[in-house]
Every structure is written in C-alpha cells, then in structure tokens.
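In structure tokens below, several structures.
In what follows, chain A forms one complex with chain B and a second complex with chain C.
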Partner chain A sequence: MLPLPEFTLHSPRTIDEALGLLAKPGAMIIAGGTDLLPNMKQGLHQPEHVVSLQHLAELRAIRVEQKVLVLGAMTSLAEVAEHEDVRKYATALAEAAGTVGGPHHRRMGTLGGNLCLDTRCRYYNQSQFWRSALGFCLKKDGEVCHVVEGGKKCVAAASNDTAAAAIALEAVLVIRGAQGVRRVAAGEFFVADGARNIAIARDELLVALEVPRVAKRVSAYEKLRRRGAIDFPLLSVAVRLDGSAVEVVVSALAAKPRRINGAQKLAATQVEAIAEAAARECNPMPNIDGDVAWRKQMVRVMVKRALVRAIGAAQPST
Partner chain B sequence: MTLIPITLTINGDLTQVAVHASQTLLEVLRYELRLIGTKQGCDKGDCGACTVLLDGEPVLGCLTLALSCAGRSVTTVESIPRADPLLESFDCHGAGQCGFCTPGMLMTAKGLLAKEKKPSRDSIRAAISGNLCRCTGYGPIVEAIAAVGEGTVQPATEEKLPPPLPSYGAPRK
Partner chain C sequence: MSDRLIGKAGKRGDLIKRARGDTPFTDDLALPRMLHGKTLRCPHPHARIVSIDTSKALEIPGVIAVLTGRDLPERFGIIPWTPDEHALAIETARFVGDGVAAVAALDERTAVRGCDAIKVLYEVLPSAVDLDSAITRPEIGLSAKKDDNVSKAVDLAFGDVDGELAGSDVVLDGDYFFEGTAHVPIEPHCTLAQYDASGLLTVWSTTQVPHYLHRELSRVLRLSPTRIRVIQPPLGGAFGGKSEPFGHEFTAAKLAMVTGRPVKFLISREEEFYLHRGRHPMRLHFRLGAKSDGTLTAIDARNQIDGGAYSSFGLVTTYYSGQLLSLPTAARSYRFSSTRYFTNKPACGPKRGHGSVQPRFAFEVMLDRMAEKLKLDPIALRRKNAVGGNTHTINGMRVTSNGNLECLAKVEEASGWKERRGKLGFGRGLGVASSAYISGTNYPIYPNEMAQSSVQLKVDRSGVVTVFNGASEIGQGTDMLMATIVADELGLPLEAIRVVSADSDLCPVDLGAYSSRGTFMNGNACLTAARLVKEKLIAAVAAKLEVPETSVFVTRGALCVRGREGDAVPVEEAIQLAEAKFGALGAVGSYKTPPNLGGEYRGGTIGASPAYSFTAHVAEVKVDVETGVVEVVKVWCAHDCGKALLPTQVIGQIDGSVYMGVAEALFEEHLISPNGLHRGPNLLDYRIPTSLDVPQIHSMFVESLDPEGPHGAKEAGEGPLHSSIPAVANAIYDAVGVRLHALPFSPGRVLEALRQRKA
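Then we have the complex of A and B:
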C-alpha cells in the first residue's frame, strides 16, 4: 500500500480561479493524475494544495482551425490518438499519444499532463526508502548524481512520448499566467535541466497545444520499449517531412529532446545518412532502464523505421 | 484531516461517503465501503488490478482521487451477477488461476464488451494490455472474452453456481 501524503484538493470552475489557486505556495496542478499521484506516493512531490483541472471543460476540446489544429490541454491521450483530424494533420502526435502507457493511462492521462511530465531516472522514480538508502541525488534532496559521476546537473530523461512529436511538428504551447497568454514553441519549451525540463512557471497553466496544418506534410513516431504496452520509452523518435525537407527529433536520452542537426542538411530520401547522423548525435545514458549500447544501436533502427513509414505516407497511394 | 462528504453512484446505488482529499477511489471502495473485490496490486498504476468503470470507462482506482468521483458513476466487480456469461466463460477457459488480476480483467472486459459487441482478438489484446496477469499467459483470458462476444457461452445455471460470497460486515467507521 502506498498512501498519498496529505493535501487540500481544489476544483476550480474557471481558468482565472485556477490561476488564483496556483499562486498559493506549494500548489501543484493535477490533470489525469497518472504521473503526479504515483510520484506523490513515492514522496517525490509533497504539494500542500492540489489544483484539479477536471472541471475546466474549455480545456478539453480539439478544434480544427484554418491554419492550426488546437488541442486543449485536458484532452485525453486516447482522444488525441484516435481523433481523425489529429491522425491526418499531426500523425506523429497521434501515434505518440497512442503509445503512452496502457489503455487505462491513455483514457485517464491528458495531453497537457504528458507535455508537462516530470523527467524520469532509475535513481529518482523509487520509493523514499530506496532513495534514502542511496543518499538521494541532485534532482531531489541530495548532492550527487548517480548517472554522471561528478555531474553538477541532473540529466534525468524526458520520458513523455508526445514531446518529440510536438517538436517535430513545430507545435506551439499556449500558456496562461497571471500576466495573460504567452506562446512558446515546443522546441524551446523543453530545456536541458533534468530537475525541471519545462519552461513553464509553477503558477502558470498550459492551456492548449497548437499544431500547424501544412499541406502535404507527413510525420511518424517510433518508440523503443521492452513490452508493447505500459513501458515508458527507451527511445522516442519523431520525424516530419515537408517534401524533401526533413526534421528528426530523438528523446528519452536526457532532459531535452534532441533535434538531429545532421538531418537538416539532408534530403528525406537519404535514409541511411540521416540514420547515421542521428546515431552520431545521440548518446543514451544509464539514466533509464535498457542497455546503453543497445539503445545507441537502436537509434539508427528507430529513425529508419520512422522515416520509411513517413516516406511511404508521402507517396500518393497507387 | 478534513472529511468531505460526497455522493456518487456505486453499482447503481446512490451512495454517500465521507472521504479525505488524499484517499484514492480504490482505498475508499476497499476500506470505507468494504467492496474488497477490487484488488490493490502495485498501488501506483503499473498493474491494472484495481480497474473499475468510471462512467462506463475502465480506469485505475489507485490513481483516481475519490473526491474527483463526486456525482459520477462507479462500477466494480461486485456489480457482476453470479450467473453471468463472462464469469462462466472465465471459468470454462481457465482464465483465472491465482485470481488476483481477475476482477481488473473482468472490469476491463466489461468496458470493452459494452462498446464492442463482438471484439476481435486483437482488440481484446489491446484492451487488456494494461492489465498484468502473472499466471495464465493471457491466452485463456483472450479466449474467454472472445467467447462472450461470439455468444458461445451461457451463464451458469443455478445448480452449477458456486455459493454466494460471504458478506463483510458494515463499513469500517
């Protein structure tokens, strides 16, 4: 049994009310709770106030606008995965959402919660007892990193499936705070700090994800994991093709998903060269499970798989 | 800790219960309402043993705050009548061995069968992919659910039914 620590639950009916509650010290947002609650049960977060977004119906819709697809932060991952327009205009995102956890997690978990997922590490996602036996670590309560000897910065892995897809699709996060609305490109939202890898303040609220609708654009997502369900990614790969231009993003490495620079100078059809560039630029670490050498070799394989599928989708069907 | 009274529908009955903010739906079902059919496995979202239907959808009771269920409808394994084709099918196919995963499997199956009258084996496998079973190897479970969709099992007749479950006293105060 893993009892939750004590807290006060708030269920605001408007975004403004939610923002007011988030200003309280030690307040945290709960969306689906599928990341926050297990983490609280392990003593990783002890918020005094938990602000539920359950009743903010306005955050729960998917809208197709002329230039963008707008996905509310509270849209369930199951809906993102199954929605026809998302599958069409943001294929990689729908595929990524469809690989998160198991069906229960996708029904309960939200897109906003996935984008704001806490980073993961084999030395962090453990019980209080386990972590205390090891003397804790930089990310919480400790002074050292057990992954990088002498490391001064936490390198816990971005383990959210939708992150790589959102970056590859040039999506924009719409964030509400006391000062109003601001927009951040997904490519800038995730930062290289495992302690907190998202550029959003604790008293701000992610409202929606906007994905541009671009004619003839195709995308695909591939995930490496041991079992076909439940497991977090051991590698997360999203690719986007605009004609011959290609973008490749690889995640589940460290805190910031990595855009493959080498791919940007190549044409989409140079599959081998792109996969080679990705393998050169990505260095998996022993921060999450899975043999590091195997994960490194699989970068090439997963990138190729995603590219081949995207190229196939770009071809007019005969 | 403040107790907050909520009203929710549990297995069709309007139920009032006082809960703490930090209590999960699973804890309230098992320890306040004595509905111990729903199992507590990992208690952190990994195994699916705690699956119940929330407004008809299979969810994890261990990751659902009880307070968030106010005004909603919860269906647990106790809702399944003793004579039920799904139970009989699990029995005939040997789909339960130690039985720990069974209540969760049954509720996931109920959620699926309510949406798809005759689910394919692939769709069954996908639906139960969040429910771990350490005993059966899943094959018998998939077959048991498929047989219900295909209508090849009947609920057990009265004389073949196991004795009713013992009842557990009044909810703990």
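Then we have the complex of A and C:
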C-alpha cells in the first residue's frame, strides 16, 4: 500500500478559525478528500497542516435567493446533482456534478473541492517512483515538460467537470480571506497556468458559488469519457442559451477552460457552425490519457450534442 | 442419491462470507512484532547494477534489515527448464519495476524511507521495449545465451498445409494484434512470513500454487522443505496472476529469517502492474484456406509473442498459442510458428485462457470473413468443420465428450440469430464465435509420477467430516465443491463438512489453481476419497443389520436398506458403527491423468488434457458512428462444462468470463511507453469496466457428461472467456461493416476504420 505522509489535522468550527489555520505555512484544505488523499499518497502534496472543513455547517447549504442560487462550497456533488432548484436554474452544473467519479466520490466530494481541483496530467498524477523514473516534470520537482517539447509553462488540464458549467452559467465564486469577502467571476477564476490554475490565495477560502437565476435560460453539459463512471473528463463541454444567444465552454484541454469565441457571434440554432468554431478553437493535447486525435474529433460531436439538448430544453413542452 | 446437492442452484456459504467482509484478506493477518517490507525497484528498462549502498538506509531509526540480490543468489522460475529470475536483481535489472533491494522496517512509511535512502548506481543498457526492437535488435541479448532476444520458438505442422492451400478455392490472409492486458484482482499480492525459534518458516501468501511455492522457497532459501510451511489464505481473485512464485515471497521469508521477526509485504496497485504476468501482446498472421463448399483446408499461423522481461510460463504460452486452436472448428491441415521474445517490460504470463485467447480472436474473425466470402452462415461454417466427440484432433489430442454443437445451437436460438442477424439496421449487429479449452494439463509442471491432486478425509464420530485439500480456493469455489461432493456421498448436511485447504502442513498436495484443473482433478480425488468412506459406512451398516452390502444405500441423513424402509440408520450412527468396526475413520483419494493423451511429437503433451470444455458466444453490439463508441448490449454464452455440479458457480464463472472478455475487447491495454515506463500503473489510466459498462449477460450451460469427469464435470473458469472477444469483433462488422484487426476496439480505432471504409 502507499502510505499517507504524516500531517496534523485541524477541524475548525468557524470560518475565521479556518482562515487562521490556513495562514500557517504548508497548510492545505481538505473538503471531501477524494482528490487530496490519493494525491498525497502519490507524493504530490506534503502538507504539514491539513485543515478540514467538515464542521463548517454554514458552507453546506443551498439557498434560492431572488436573483441568485447560492451553493455552499461544502455542498456534496451528489446534492448539487440532485437538487431540484439546481437542476432547474443551473442544469449544466447539476449535470456536470452528476458525472464526477462514481456515487461514492459524489457523496464525499464537494462542489468547492471540484472547483478548486488540482490540474491533472498523465506525467503528474503518478507515484513518486514513476515520476522519479521519468525525471519529474515542470508541475512538480522537475524542469521539463513531457507534453510540449521544450515547453516552459505547465499545460496540465483543468479536469473538473463543474468548471466549464460554472463559467457558462456566469457563476461567481465567493471567497473569504483575512481582508474580508471578494467575488470573482468563474470566467476569471481559472487561469492558464497548469502549475496552479485557480486565482485564489492559499490562505483564502472558497465559501460559495453564486449562480444567476435568469428567466428562460437553459444549459447543458456533455462529458467525453471512455467509461460510464469514474473517469475524469477527456473533454468537458458546457453550453448556455439565452434565447438565441449562446455561450459554449470547453474544458479538459489545458489549464484554463476555453470560451468559444466563434460561438458568441452565432445564433444558438446554427449548431453546425458553432460546433465547427469549437473544433477550430480547441486543440486537445497529450496531457491527459486518451487518444488525442479522437478527442479532437469529438469536440465537434460533444458541442453539438450539448447544444441539441439545450435547444430541446428551451422548446416549450407540448 | 435422489436429493443430491450436486446440480442444484443455491446460496454459497463462503460467498456470503466474502460479500459480508467476513473472509479475511491476507493483509488482514498480523502477528506480534511484525515488520513491514518494501521493495526498491529499478527506474530503468535495462540496466547493469554497478553498486548498491545500503548504509544510509540502515541508519534510519526503525529500519531493521536490508536485502540485496546477493543475499538470495539462487535463480527460480515456474518452469523448471527456464529459471531466470532472482528474488532481487543481482547483476542486471530488466524492466522498470524490477526489484533490486528490500527493506524491513517497523512500519510501511519507514520502509519506504529506507528504500529511498538506498543508493544504487546503474549503468543504463540498450533496451527493447516493444516487439519490433526485440526482433530487429538481437544484439540487446536478452535471451539466456545473450545472442538474441528469443525466449522460445515452436514450429509444428500437421498435414500438407502447402498442398491444401494450393488446392483451395478461397485463401484469406489476415494480420491481427492483441494488446497485452492485466489481471487486476481486487486483492493485490501479499505475503507474511514468520521464522520461529524452532527454525520453522511459515509463509502465508496470496498464491494459486502453494505447492510450487513450497518447493521454490526451499530451493532459493536453501532450506529443507521439512522446515517450511506454506499457507494460502482464501484469495480475492487471481485470474492466473498468482500462479508462480514472486520475488517478494522470497524476500519476506529471508527478512523474517534474518530479523527473527514476522515480515509482511503488501504489494501496491502500481507494483501489481510490475509483477504483472498478464496476457501476452501478440502479433498474429493467419492464412485460412477453404473449398467452395465450406470445407476448411488449411490454417497457417505465424505468431510473434511479446514476453516481457522473464520466462515465466513462456515455454507453455508459446505452445498454447498454437496447440489449442485445433478445436472445436478445424481444417484438414494446420501449421503454426510461434516465437516468444523477451522485451524490457513487466513479464507476461498466464491470464484466464492462457496463450490461446489471442489466436482465438484472430482465427474466429478469419472464420467470419471466410463465411462471408463463401456466402455461408458463420454458424453453418463452424458446424460443417466441427471436430466431433471421442476422436483425436489433427495435432493428436484425445477428445472425449464434446458439446460444441449444442453450444452453437443454444446461442443461435437464444439470440434469435436466424431472424435477427443482418437485420438490425446500420449501427447494430450480431456476431458469433466458438472455442474450446482444457480441463487441466495432463502433466505436472515438474516431471514426476505422483498424483496431481489428492484429498484426505477425516471423519469425526460427531458426524463432522473434514476435507484436507491441497487445492487453492481463489474465489472460484473449490472449497464449496469439495464440501458438496462429500455431503452428497455420505448423506450429510453441507454444514457438517469442513474444508481445510492449501496448507502444506495439513493438506496433501494439489498442484494449484491453474489450467482449469480444479473441478476435474480435485473433484475426482475428493470423490474417490468420499466413496472409500461410504463403502465403510455401508459395510458397517450391512453388518449391523445383517443384510448384504449391496442392499444398503445412502440417503440424505441416513443409510437405508432396499425393501426395508423402516431400518434406516442415521449417518452419524453409521459413522460410529464404522469407527467401531474399522478403527479411526478416514480416507485418501487422488487423481492422476491417464497416459498418452497427446500427440507423439516434441510438445505433443502441451495442450493435451483429460477433457475439453466448449463454448459459443453471440454478441450484440451498438456502434455510435459519430463517436466510434461500441456498446456491447448483450452477450449470449453457452458453455459445455460436462455437468454443472454447482450451477450457481458455473453461471458465475461464465458471467465473469464474459465480463472479462468484453473488458479486453473494449477497454484494457497494458501499455509501456517508448521510454520503458508503464503508461499508467493505476486504475484510472488502466481502465477496467465499471458496472455501467457491463453488457447484459445470458449465460447457459450444456451438459455433455464427460466419461472421466467427477459426475461428468469439466472446467468452466477459463473456456467461456475465449470466444467473447471475436464475437464482439464479428458483431461490429455486422453492425457497421468494418473489421477491426487490433485490440482493444477503442472509439478512435472504430472511427478510423469507418473513415477508411467510406474512402
């Protein structure tokens, strides 16, 4: 068995207490632990202090406010997937949460944890032995990128299902720090750096996701994967329709989910043209396991499928 | 007996225990003062070990002992003619993951730190990490003589292949590639060793071959077998991946001897992929000839086999890649040439359907192509060229019972083949394939004249019977089968039978859970022993009642006398009468294969078996032509197991085989990168199906009642895997008109084939 490295576990009862603990050097957050613990066993993180959010009840609620849906960061992915209001106002997000891992992962794993998921790469998510045999990589302990020859910037992939959905739905991340609360649009939260692709300081805490409630808005999520469950996305596609206006976000490409520019000038019904634009703008890399040529071909198919479903949902039911 | 348990479906006591978590894994065993072992592994695909400095490791508090290869200089290997492994590499390491040193420490974490502190100086050597470089670069010198990379070559011909091909109306050629796959048992390897003050070494290990482990421990440790006891706890799956000795079994034992403390090695999931012994990647070229009436004239096969770093069972694998293809559908002549090459990869070995699953894929797809060419139904083509019962195959193997045609008929009917094939519309299709497999091999791995399986019964006067059985319970149900056989013979309730298995101190020898030998050989040994006890019970009851022995018979709970229904003697009382009459009650039974089952040529014994099982599959698939994703919707599988002694288990074995075959058809790829590193030694990168990816499985059995099997039974554990893969391939062709030549049938490959079909 791979032993877990040693650490001190903290279980704060208030957000302020949690923030104080996060200020300690080498502290990391554990929410559901479905990602952190296997990564620690592989030697990817060696936090001295692990701060559990298990007892912060205020992070768990889902609230329907007049203009927004507020989802606490510690809401389980299973609850996000099943919650009636989330399914109604943020369909793509509910669908995305419902495709993470398997039932056990969704019961343990949290929305905040998935949004802040470490980027993944086939040269990074391996054991200490394997990575040392490889000679390590840019993202951890090494200087070479094995994905892009001569690459100087890590291109590990955003592999969180909820990221593309949050961006497409114009969601806002609510972050608490020592200085108080700040709000960041999901579109700004993810940055193009595989080493760390989230714009949040290590001593800050994601407390909630706010999703706008917009009348007649529809959305859908499509995930490319080989198996019916467990797999991280090989492509992650979220679409949002407001009447004929359309937003398409594709992720599991590199560190930053990609908004398809070409789609913004098109009407939602121009499905083929939008899919074509997405295929033109997206270039999957051999950073995650799987057939790159196939993933490239599938951009068009997944975007089309998401659009067709969203358009279907926008039709008044007869 | 009329109310026999044999042949009845029912709950399996030991499976319920497994499902509830009551059956311990080997890792659940713990002893006082136990140390934890870890293996330091080589990070290069091929390297000379220049020096090893263990001093820094020994300075770490909590590190108790360190071993290197020089501490265990004796070579070992499952095949006595090819011992080429060391417990830890001595001069050269041959793949990324090869063990070079081992540490025993107070806990796992410290053992890992100990490994990290060992300094190994390597000189990196040229390596062959694929078949092509093994073939084209003999100078790498991975063979025993170091003059090439050949592990084993076999060339055998039966009949006039060239003449038959020349006289054929149709000759087809095909090139196929079967990617390697791993076993992925739930329970990884684990070994616990204890060396007590009296000098007795006890080794608990997750092995399918406790007897061979006993022998090899004795040889490698240079310790008399009288000072070694091997115990195999119930296993959480094996599938062939635990059927030979492994390095950590020796290092655990040696470290226990050196430290005087128990030592446990638990292998990680990643290491599991390095120990491997999975299915060999094979490149297969097939030529198949036929007359226009459908008579198959010739099969000409050339197979290149990627063996990985060590011999393992490779000698046998190389033979099996050809020998097991002469059943159930055969041509008038047959030739195969198979060469196994060493590569700098984890060693390949036996996986469920050893050596024969890969050529079966190629051959059954060739048959489908031939049927199409000849405008024949593929089932009809198989019927026309079927080898019957009570005959010999073209390569000289004796065949007795043969339910092949019944298997074909069952899947044909159940799947609605005649009405539905070719009529399901573009994107959906049906495919058929059939196969045969051995029920054990006719010779033990090391030549000897002793029994291949033995069982000892101890009968207690309370009515409890204990079966001491050398066989290995690995989840397949041998313990339950033995208990059921004994319960039926002696008229006892199942709860009165205890089975003690796979303990070299307590049980007579059985060669192990491999080559699908359990039901046939162990079952026969047990039946023999039980019948000897029964004879004594009958004799004692006959004497007591003063009736002829021939009039006494066993019913559930009592021995009765024909025509005197009132005179029943409860079994417990019969046991006491017999004990009074004969003294302590017990019996031994053994099984040994009859001689001369195979052909009279070098290698003719490999593939020979006392009985063959037969299987037919029909698969139904749905192909998404936009994504290339193949969904296996349903599989119908009929398997001739001779007699389904425990029907629930037989169906379970068929279900499991279909699952595993479909997994290999669609998902599994044991890939090594050009730099020699495993592509992803974990269960995210190495994909096995989730419950959502498993097809609907309709398993059926055919009972051909083998004349030599226990109650007519044959194997069911491996045969039903073989034809599942080509059935899927042939169904894909029926669905979308493309032939896939390489496994697995991944969506990228399907799309590419569809694109080429359009062009």
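In this section, the second predicted complex is superposed on the first by the 318 of 318 C-alpha atoms of A that agree within 3 Å, B and C clash if a C-alpha of one lies under 4 Å from a C-alpha of the other, contacts with A are read in each partner's own complex, and residues count from 1 in each chain.
Just so we're on the same page, contacts are C-beta pairs under 8 Å (C-beta built on N, C-alpha and C of every residue); 3 or more make two chains touch, one makes a residue touch a chain.
These figures come from a predicted structure and were not determined experimentally.
Student: If we overlay the two complexes on their shared chain A, which of chain B and chain C does A:T8 touch? Say first, second, both or neither.
Tutor: After superposing on A, A:T8 lies in contact with chain B but is clear of chain C.
Student: Looking at the overlay, what does A:G33 touch: chain B (first), chain C (second), both, or neither?
Tutor: First partner only.
Student: Applying the touch criterion given at the start, work out whether A:A229 contacts chain B, chain C, both or neither, answering first, second, both or neither.
Tutor: After superposing on A, A:A229 lies in contact with both chain B and chain C.
Student: Looking at A:G102, would you say it contacts chain B, chain C, both, or neither? Reply first, second, both or neither.
Tutor: A:G102 sits against chain B and chain C alike.
Student: Now for A:S52: first (chain B), second (chain C), both, or neither, which partner does it touch?
Tutor: A:S52 sits against chain B, while chain C stays out of touch.
Student: Per the contact definition in the header, classify A:R122: touching chain B only (first), chain C only (second), both, or neither.
Tutor: After superposing on A, A:R122 lies in contact with chain C but is clear of chain B.
Student: Touching A:Q270, do we find chain B (first), chain C (second), both, or neither?
Tutor: Neither chain B nor chain C is touched by A:Q270.
Student: Please report the chain A residues shared by its interface with chain B and its interface with chain C.
Tutor: 1-3, 5-6, 102, 228-230
Student: Of all residues in chain A, which touch chain B in the complex?
Tutor: Of all residues in chain A, those touching chain B are 1-9, 11, 30, 32-34, 37-38, 41-42, 50, 52, 54, 101-105, 107-108, 228-230.
Student: Using the touch rule from the top, collect the residues of chain B that touch chain A in their complex.
Tutor: 1, 20-24, 27, 40, 43-46, 48, 51, 57-60, 62-65, 67-68, 108, 126-127, 129-132
Student: Give every residue of chain C touching chain A within the complex, in rising order.
Tutor: Residues of chain C touching chain A: 27, 41, 43-44, 96, 107-109, 112, 266, 268, 270, 626-628, 667, 675, 677-682, 684-685, 687, 689-693, 746-748, 751.
Student: Could you list, by residue number, the parts of chain A that touch chain C in their complex?
Tutor: 1-3, 5-6, 102, 122, 125-127, 129-130, 132-134, 226-232, 289, 291, 293-294, 297-298, 301
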